[in-house]
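Note that the chains are named A, B, C and D in the order they appear, and that numbering of residues resets to 1 at the start of each chain.
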């Protein structure tokens, strides 16, 4: 049992830090989605050229297949660049790509994987539907086999980057009569297909990264099905353990940076009563508690990685980390507003303060997206403690 | 709409205050249960002699039948005496007595009601069982009709003052084959009957006010059944609206006094860092928040009484008050420990501080007894907001 | 003692709700703010509110007011909060009072007739003199008609915002609010009222508490409606205690905020000794209810609550703005602790 | 980097759990405290713990210790917390260290061999000198063998409690603890160790955090067991999210406390720059987990949790005592905020 990293690991960290410092993009990431796509892809190409395109990807597919400890180091250092933890490359690199590796045909792999890693394409996800949120398996988007094609009609929602994506991992119902988990198919959808209509959804902080996607008799070759027809649920579930908790490190490290930034601000700013913000004992306690809680979140990340390094089945730390991260992020970013105080009224009073308002609003999504906190608590209660369903 | 009381009400308040000041017992209430019984009964006799024995009881049964506003005033003034909100007289005066008024025979009324009001007898409750807590209707204590008697065998739990009680309102299962709410009978049990065994339960703060009561073929005359055989559930439920929220005032007013006492202590005491306790901004905020929350609790009490004065069906404020009181009491008494700080280690360091530890431990029961907070939330969600069961 | 609304009061409430629904619905304000117009209230709607007497409801009759109490104003503002109606209601109503009670009857008449008055929000580099003059950096909410109300514990005043320096418009968190930033090099007010004559700030606490109560009630009802309608895993999601219990907590908090706000309004109307204590308690209770309920409602609504498709985001932002406008919770809680306790 | 326990460590844990179950179960301590004997640990059991080397586990071998790290001690103390074993474990282990490292090897040997050392709890009228001398009012936990440990940020020392004035025994919230009150008119220690040599207080934070983690884990498991076994309305109560979700929260908090406590122990063993930061974070995380979990477990258990029939009350009281012994959360949080952040 130790905290320290091996000499080899420390050398690796130096190498990563040096490389990122020299190569990470320093300009502001564009807000317009096509420019954002080009920014993200260019960065992926830069990383890929230097061998950093897929730190968790198998060597066979052009990745580095780093041990978990080095993945952790990579993500810790990546977090320091301040780049977004999740950008438009995410679905391709961390979900669709790994799914293809595990479940697709050799031909599908040969075609898609190099393009993902090489920064040529963006993927998006087509899982959720308006009536199928937490209950994903109740999805209704219908696909009928017609010759050597699937004909898809229906609607997806919460698809990030839909308008700038090349491909989509799409779940459709191919057998409406089967039990709900049994009639679903996982298929690769070309986002330029006729019959696809994309409508952006404006979110609370004013962004439009999410979309509704409508399918009106969209024709997809049967050759694009991954796994078997009607076996899509198992395909979708097969990738859950990819990276085994390491990628989450970026969010955790950046939250820690936010806390330290807030402490600095609370020390240097004057509150409405004329004293330093940090002289408010209640704010001070919340800041100190956030520090302690974030330290524990990091320790839990390390514990999870230590366990996962010895087991292919990821432990329950994943749900625990997600749940606790959401709770802490919401607390920290609300605290951020209390630190900037009446500047919290303005959305762009000055760039820095505006950013805290933005983060506060964005934090509402942490306990909803990717499995709500309520669902995480069910999972922990049932799988960790063995409570009845 | 007004807050002020009428001249008549204000005169009434003066009268009550004067009388209580002159007559309320000033000595410490004994901890030993028989002495406690005598203390409580003597106080009831004093009140009864002066016409205060049953402020909410009908005049026909010797009560005052005060309008709700005057009940409120009575209880507000009663709270100022510092006497316990609930003592050994409670079941007789506020539950069993009112049940008898509504559902018992003239003979039963004539026999029992004057004794309750006159401070001659103590009643206890025999409802809960080890396996029937929140799910009270699943009670199993069995009663078989044998001639003109019921023969009772089983076990009750959480019976306060069982060892010093004369009578018990007892729920027994008389028809094991009926649906669970349909086979229950409400019967008056003489606590001196052969076959009753009482075992005290030591509670968290060291007291033993609760008991388990075991029944081994206890014979109770059928004449003691109230309402019909097998109709006991409806009998038990018929009294829920008695006093319509006013008696709760004593707890709420005493909680407010506790908060004011804590604020005084926080101002006058020095904490471990050498400053006044109240200089700790986090403690100060919790105290201020408790003040505001307790003010709102009082306002909600007033709103509930205003509504109930115009309706015989009590509103949902009852569950809301109970839920919020439990939450606030637990917060306030935990805060009490933080105000007395390291003195919280001792249970009897000096009398006053010890009392705060005692109240903290006792506060755990506020969200359990008389319907858990979880059950209250179900009730509010379903009955107030119409959420599905 | 009676906290029930009278038939007259019920009529005020029903008329207000109906007017707000017709003229100031969130559909309308959304159209306005999405087109970039702030404050997102039309001049016609504002004038109609003036015509209904909203800005003179609690003003004594000798000043041309309707002569109701703060309790009736509180009931009106609860509806304004529930509707998330845009516009400087609190500061306009209070400015009319400052003008009238300080002898500036012409100004009072102008305000009552529909000249909106914005609100000056205190900042850390900001000082208010005993005469209601103001110096330093300020933010202005909805001061588009050229006037703004200034509030401090010792005085309330009205300033001419045209005389402020460096005015610039900045986007507000709440998209229906016009937010400006400016600096004052000691600006004297055009009217002022010392707290010794009337503590206008206490009334502001109650009116803001009323709006926050309305916001909390809207959020409670939006969450409950969704919990009943939305089906997942074959059942309405409201069957789950993880949904039902937070909804119940919202119901409790909204009712506490409502009861305490009425209590505080009556405490001021009846000039009770603990009026400030009750007003601050109302602000604290209602701000807590609004913050808890709007954010919890987003969680209950799931993804949709996080978007502009549902109004929840508007209410989150309104609650955020309004609970900060008088100086924020730490200030109120510190003051609450200084005061004598309740009577 | 590896936070998994090794087979050696697993052996320490299993042996400790088995010993505690045999010799220091809550059944046994209940018998003792119900008969009025405090501390509720028998001399024989304490001597057996000494024989197992518990008080020298982390002491370097040159001082007659076993030579393990703080990490191993933390794993042992987690089991002590889980068992609610009575006795002055933290102060005895740390006093052995103070004695040995300050050159009082005979005293160290005596302590390691089984002379328990109590803990001095700071109060508001209490001062600790740079030389470990003590003045003012103090409380003593389990100082029945005549010695007590004194801890401050700058020094750790051992005092002879017989030299304190006005000693009197008072009942402790935790019935297994012997609590005394006394005053010192500047009492010099019999041994002391400046923090510049070794920061004993940091180790105390970690050991107390370990005990609190064990308490939180016990509470989590007691609640889960009850939620599975207890049937109401025809189903185990654990099907209700009002039970399931607080249990899940307990699981998360316990795991966070465990991970952070190990992290902190290793940070001290590896002399990281952020060792104090990590130690305080562990104390804060574990104290929060213990307080939340023990009180939530009482709620999950219902009426029974509120009685002496179930051990829950013991754990509530232990958590209450232990999270206050080093000066309480406000002190720790203030210090945590002063420090540089994590490395």
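What we mean here is this: contacts are C-beta pairs under 8 Å (C-beta built on N, C-alpha and C of every residue); 3 or more make two chains touch, one makes a residue touch a chain.
Given the structure is predicted, the values throughout are model-derived calculations rather than measurements.
Undergrad: Which pair wins on C-beta contacts, C-D or B-D?
TA: B-D
Undergrad: Please identify the chain with the largest separation between its CA centroid and the CA centroid of chain A.
TA: B
Undergrad: Would you kindly tell me how far, in whole Å, the mean C-alpha position of chain D lies from that of chain C?
TA: Once rounded, the distance between the two centres reads 51 Å.
Undergrad: Can you compute the centre-to-centre distance for chain B and chain C, using the mean CA position of each chain? Integer Å is fine.
TA: So the centre of chain B lies 40 Å away from the centre of chain C.
Undergrad: What residues in chain A touch two or more of the other chains?
TA: In chain A, the residues touching two or more other chains are 280, 282-285, 374, 377.
Undergrad: Specify, in ascending order, the residues of chain D that touch 2 or more different other chains.
TA: 240-243, 245, 330, 334 - these are the residues of chain D that touch more than one other chain.
Undergrad: Give every residue of chain D touching chain C within the complex, in rising order.
TA: Chain D reaches chain C through residues 240-242, 245.
Undergrad: Using the touch rule from the top, collect the residues of chain C that touch chain A in their complex.
TA: 121-126, 139, 141, 170-173, 177, 179, 181, 231-233, 240, 242-243, 295, 298-299, 302-303, 305-309, 313, 316, 320-321, 324-325, 327-328, 330-331, 334
Undergrad: Flag every residue of chain C that touches chain B in the complex, lowest number first.
TA: 1-6, 9, 71, 220, 224, 227-228, 235-236, 238-239, 241, 243-245, 247-249, 251-252, 255-260, 262-263, 266-267, 270, 272, 277-278, 280-282, 284-285, 330, 333-334, 336-337, 341-342
Undergrad: Chain C touches which residues of chain A in the complex?
TA: Chain A residues touching chain C: 128, 131, 133-135, 138, 157-158, 201-204, 210, 269-274, 280, 282-283, 330, 337-338, 341-349, 357, 361, 364-365, 367-369, 372-374, 377.
Undergrad: Could you please specify the touching residues of chain A with respect to chain B in the complex?
TA: Going through chain A, the ones touching chain B are 279-285.
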